[in-house]
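Report on the structure given below.
In order of appearance the chains are A, B, C and D, and numbering begins at 1 in each one.
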Amino acid sequence: MTGSPETQSKSMPGSILLGIDTARGGRIVTWCLLLICAGLAAAGFTGHLHGYFEIEELPAFYGWFGFLVAIGLGIAAKIIGIFLKRKEDYYGAGSTNLEEHPASDLGMEASDA
Amino acid sequence: MMSLIEANLPALQVVLPLVAAPLCALLGRGDRSWAFACLVTFVTFAVSVALFAETYAGTIISYRMGGWEIPLGIEYRVDRLNAFVLLIISGSAALVLPYARRIVAAEIPAERQPLFYTAFLLCITGLLGITITGDAFNIFVFLEISSLATYALVASGSWVNKRALTAAYNYLIMGTVGATFFVIGVGMLYMITGTLNLADLAVRIVEHGDSSTLRMGFVFILIGIGLKLAMFPLHLWLPNAYAYAPSAVTAFLAATATKAAVYVMLRFMFTVFGFDYEFQADTLRMVVLPLAVIAMFAASIVAIFQDNLKRMLAYSSIAQIGYILLGLTFLTETGLTASIVHLFNHAVTKAALFMVAGCFVLSAGTCSISKLGGIGRDMPWTTAAFVVGGLSLIGLPLTVGFISKWYLVLAALELGWWPVALMIMASSLLAIIYVWRVIEAAYLQPAPEGVVRKEAPLSMLIPTWIFIGLSIWFGINAMLTSTAAGRAASALIDSSHILWKE
Amino acid sequence: MPEYLTPALAYVAAALLVPFVPKGALRGLYLAIVPLAGILIFWGLTPGTYNAFNVMGMQIGLMRVDALSQLFGLAFSVAAILAALYAWHLRDTIQQIATLLYAGSAMGAVFAADLITLFVFWEGTAIASVFLIWARRTEGSFAAGMRYLIVQIGSGVILIAGIVLLYRETGSIAFTAMELGSPATWTILAAIGIKCAFPFLHNWMHDAYPSATVTGTVVLSIFTTKLAIYALLRGFPGTELLIYIGIAMALFPIVFALLENDLRRVLTYSLNSQLGFMVVGAGIGTPLAINGAAAHAVASIFYQGLLFMSVGAILFRTGTARATALGGLYRTMPLTMIFCLVGAASISALPLTSGFVSKSMILSAGGYEKMFPVWIALLAASIGAILHTGLRLPYLAFFGSDGGLRPKEAPGGMLAAMGLTAALCIAIGVMPAAFYALLPNDVPYEPYTFSHTIVQLQLVAFVALAFALAVKRGLLPKAERGIVLDTDWIYRRLLSAILGSIGRLIAGLWKGAGRMIASSLNWGAGIVYHLHGPRGPFARTWPTGAMVMVVAFLLGMTLVVTYI
Amino acid sequence: MEHHSILRVVSKLLIPPMLVYALYVQFHGEYSPGGGFQAGVVFAAAFVLYSLVHGIDALTRVAPPRVLHALAGLGVLIFAGTGVVTMALGDAYLGYYALGEHPQHAQEWGIVVVEFGVGMTVATVMLSLFIAFASHTRKLDDKDW
């Protein structure tokens, strides 16, 4: 990128969110999420949650279950990836993995801003 | 006047092209004789339609030649079966002749064209005569008329390629052997029964009982007609004859010649011999059935390796004849329906495909698959016709090919012969390969450098697409063809005395 | 309504006329109106079978109208309109015709009352849709299209084999619920399973869809698989086996979706996983489960379509859908981002979106039947969906590390299509009652209970938290250029390796006569070529004498047979 | 040709009786052995003899192939046309009874006309075949004899 991102991007349509992809933005998002989670977990105790199975009666079951499974899936994928990932030219030339999308099918235009 | 014509329809069917043939030669100029021949075939077709309409309900028309009493004189006998075949033959002729003008002008020298059309009309005469007559010896006569005309037609391909002469010669020898066997067989039947009328023969064969003369006659007729209809391995004359004949002739022969022979086979097997004796069915099932199955595979595989499109289609025809014979050997109504409906279906499909080959020959000067690269872009309509025709050959649903295969598989399953059903399907896969080779060349391979190919003229495209249209129309709406075939089949079964018929 | 008029025929007729409509706005309008006309044909008909006639002794019915077929017909039609809007910029007649034929075939299959009609349109969808892949016009897309076509046609062939067997067995070709047990029904299930992307039969989808054109992928994602779901709901409701298949189907693609770099591939895996939910629904088979599966199919047509549209828009503007090249697009494509987020919210089943009101029905159906393993597995699959498509996909495309691309916002047609689709996703989520009224079974269901809403919010929020942490700590697979092996390895590598070695073997044999390693295959192929090749005895031009000898031999043999 | 006087004389003596005999066979066909086929062959044989003695060119001057072809066609037309005429007169194809009041005369008329057509075709086709084959051979000069 050339020039200062701030000045260059002011005129961009999505500039409201500018900075969200910086480390600071990420921290803010994470903290907001933590707050929301805490709020929802608390809200779960305000009324009785009807479930189909006993396990659902555990406090904030959906919360921690979701959290754990998500982390678990991520790690599982990481491990499986070691075995399944290959170079792009694995299936040789003439594979769509390797080739660029033909320009005739595209309408590539850069933003004016 | 109308009543006169109506009363003499069966005679007119044959006499019209017969009288027209010498007139055609006398006209003397290519264009004039072409126009005249066209006109004649249209009228002939109209006569066939009238006969078909008259017999559709089940009436049998019996016409006495020269007014002689029936077993003595020659009888022309039209029932549902041969009315259907007559329709195929005269219909193909009426479509091929309009197609023929441009391609014949390109392949035959101008001064020979009147004679070419004369031979063409004679060939039509012969084929119609074979189909319509109810007299065994008369069949032989018309067989010879059509064959001699065909030899001449095939040989006329020599203006393009000299090999047509050897092809015609081989065809002549084999055709003559076939006709001779046939007439020997007929002679043996005459020895036993003293009659030549087919209906009369059927009755008297039963009266006289089994004898070795009868068996001899049966085999000679089977092999003789087998030669004419290119039953594997008696097909050896066919590939070259089809490949080197003028394109219009190939299209016409592919649609009609073998079909008329198949009709004779059906007529003799069911009406005349009628399977009163076990040896008849046994022979059919032990000889013809395996040969038909081998034909389905061997000829298809050969087709896969062919480079000449016409030769490839010729081998495919041999495989298709395998299907027709297979249906016959089932000896059931469904099997016969499959055979008869495939007579029609294969006629329209193959005529269209050979016409496409003719268009390629006219525009590209070749029908060698390896030289047809990229032709799909230069001749889109012609190539599209090939694709649709090819799909029908494979037997894809919504095409006539599917209808035939459906009935055939159904017939095999009815008998519990599921291995045969599987083989029918497996051999269809082979058709995919040889059709695909052409499609691949036409659409996916680059055009040869510096070749200019124009789309075929409308006079050739329209008849081709009419055939294609028919193969789609009757693939979707098979009511007319399958009902007609079914009725013909039930009439045949009724006329036979199959031993185990309930 | 005139006889013989079915939506399918309307589409086909319209497709034939496409070349005669001038390109541009007029054609765009034409393509969008055709599905509308299609709706008019079937909407408002009283349930029953129309256009029935007898062919070769079999009862053919072109139009079976009931709640299920109307629901799918409507969803397909609306999706087709949206796809036409999305492709407004397109000037490729082949794709436009293919789209109409494809949509028409799918409509035809949905309204088919008998298996033969189903089969015809089944093959129709295969043949029409492959042109959307080939329209990319590259070597790779041609090969991928070929593989796709082989699988799809194969599915059709298996289907017709099953139909023939069924006809032999029962004498009927009506398309109604079947019981697994006979070879016929197993075969038919296998055919549907291919189209439905059952595990191990799934790979055609991940191979072919991302190889299509920008608009082609969107169109492809709508019809084929949903048609298969429809066929399952119609043909095999309550088949227990489907539950297990569905669970496997919902779970295994999660890993692939997390690993893939190509965002269109991520979406095909996520689609595959969503299909798993519907298969489970069909397998449970209670009225609620059937409703849920149907509802989820319809909802997924739209939210999955929306996601495909947004990724397509990115591809259209940037020329790539690889996560490694993207990132930070929120700056210049904010509308696309918003629409993508609506889709992501829907697939995450966030309340007020369509995913919430449809997915929860399937989970509830499992819950009511006290199928704990089913329920917990689907819950895990939901978490996976939130993770890979709800969060990872928009993150990689629009946020994440800035790829430096500053493309223009998507063109108007795409934005309109995405906007309408997004609105539809939200409308279904906000007004579930109107949506439920369209479902086949009349089962009361209330998605917006306090507990449902709160637990779903909890789920999404905590997974989002987990995602944020995982991104920070590197607990997720890194997006990197490359591919992920799937079962296509079997035919793209293993099989071609085997064939290749056989080929080498044959070549070796051909050359070195001394090498005596003869594989039977080579032997067979050699014999066949030897016999049937252009110089083989079957194809050679024989001398006349030899021909006559053959005749004489056959005559002799036949005589012998006759006298035995 | 001048020095083959024996051949010339013999052929001049033979050819007229052959032609007459051919006509005899032709027109007695309806009630004695004979008819168009045999007559046509005998008739053609006379011309073949002529050609053997005087050369193929002399024959084609007498009977040009174009004329032969036309006559062959005409013969078929006469044969087939008779059938058409009887049809037009209300009988079956080749139903001769329509040709006259008296059945026997009608039959006779029919057969004579048909046989005439057959004879014409057979004779001309025989000659055409002969010419077709013979004109392929090298011309013989007088000295070659």
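Definition applied: contacts are C-beta pairs under 8 Å (C-beta built on N, C-alpha and C of every residue); 3 or more make two chains touch, one makes a residue touch a chain.
In this text the structure is predicted, and so the values were computed from the model without any measurement.
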Leftover contact groups, counting everything except subunit B: A, C | D
Distance between the centres, which are taken as Cα means, of subunit D and subunit B, whole angstrom: 36
Subunit A-subunit B separation of Cα centroids, rounded to whole Å: 69
Subunit C and subunit D, separation of their C-alpha mean positions in angstrom: 79
Length of the line joining the C-alpha centres of subunit A and subunit D, rounded to whole Å: 102
Multi-chain contact sites of subunit C, meaning residues that touch two or more partners: none
Of all residues in subunit D, the ones touching two or more other chains: none
Multi-partner residues of subunit B (each touching 2 or more other chains): none
Chain contact graph, described as a line, ring, star, complete graph or other shape: line
Full enumeration of touching chain pairs: A-C, B-C, B-D
Residues of subunit B that touch subunit C when the two form their complex: 169-170, 173-174, 177-178, 181, 212, 215-216, 218-220, 222-223, 226-227, 233-234, 236-237, 239-240, 279, 282-283, 286-287, 298-299, 301-302, 304-307, 315, 397-398, 406, 409, 413, 478-479, 482
Complex contact set, residues of subunit A against subunit C: 1, 9, 12-18, 20-21, 26, 29-30, 33-34, 36-37, 40-41, 43-44, 47-53, 55-56, 60-71, 73-78, 80-81, 83-88, 90-91, 93-113
Residue ranges of subunit D touching subunit B (in the complex, touch as defined): 69-70, 72-74, 76-77, 80-81, 83-84, 87-88, 90-97
Subunit A partner contacts - residues on subunit C that touch it in the complex: 89, 135-141, 143-144, 210-211, 213-214, 254-256, 258-259, 262, 315-321, 327-328, 330-335, 337, 364, 366-368, 370, 372, 375-376, 379-380, 383-384, 386-387, 399-402, 404, 406-409, 411, 449-451, 454-472, 475-477, 480-486, 492-493
Contact footprint of subunit D on subunit B as seen in their complex: 4, 8, 11-12, 15, 18-19, 21-23, 25-26, 63-67, 118
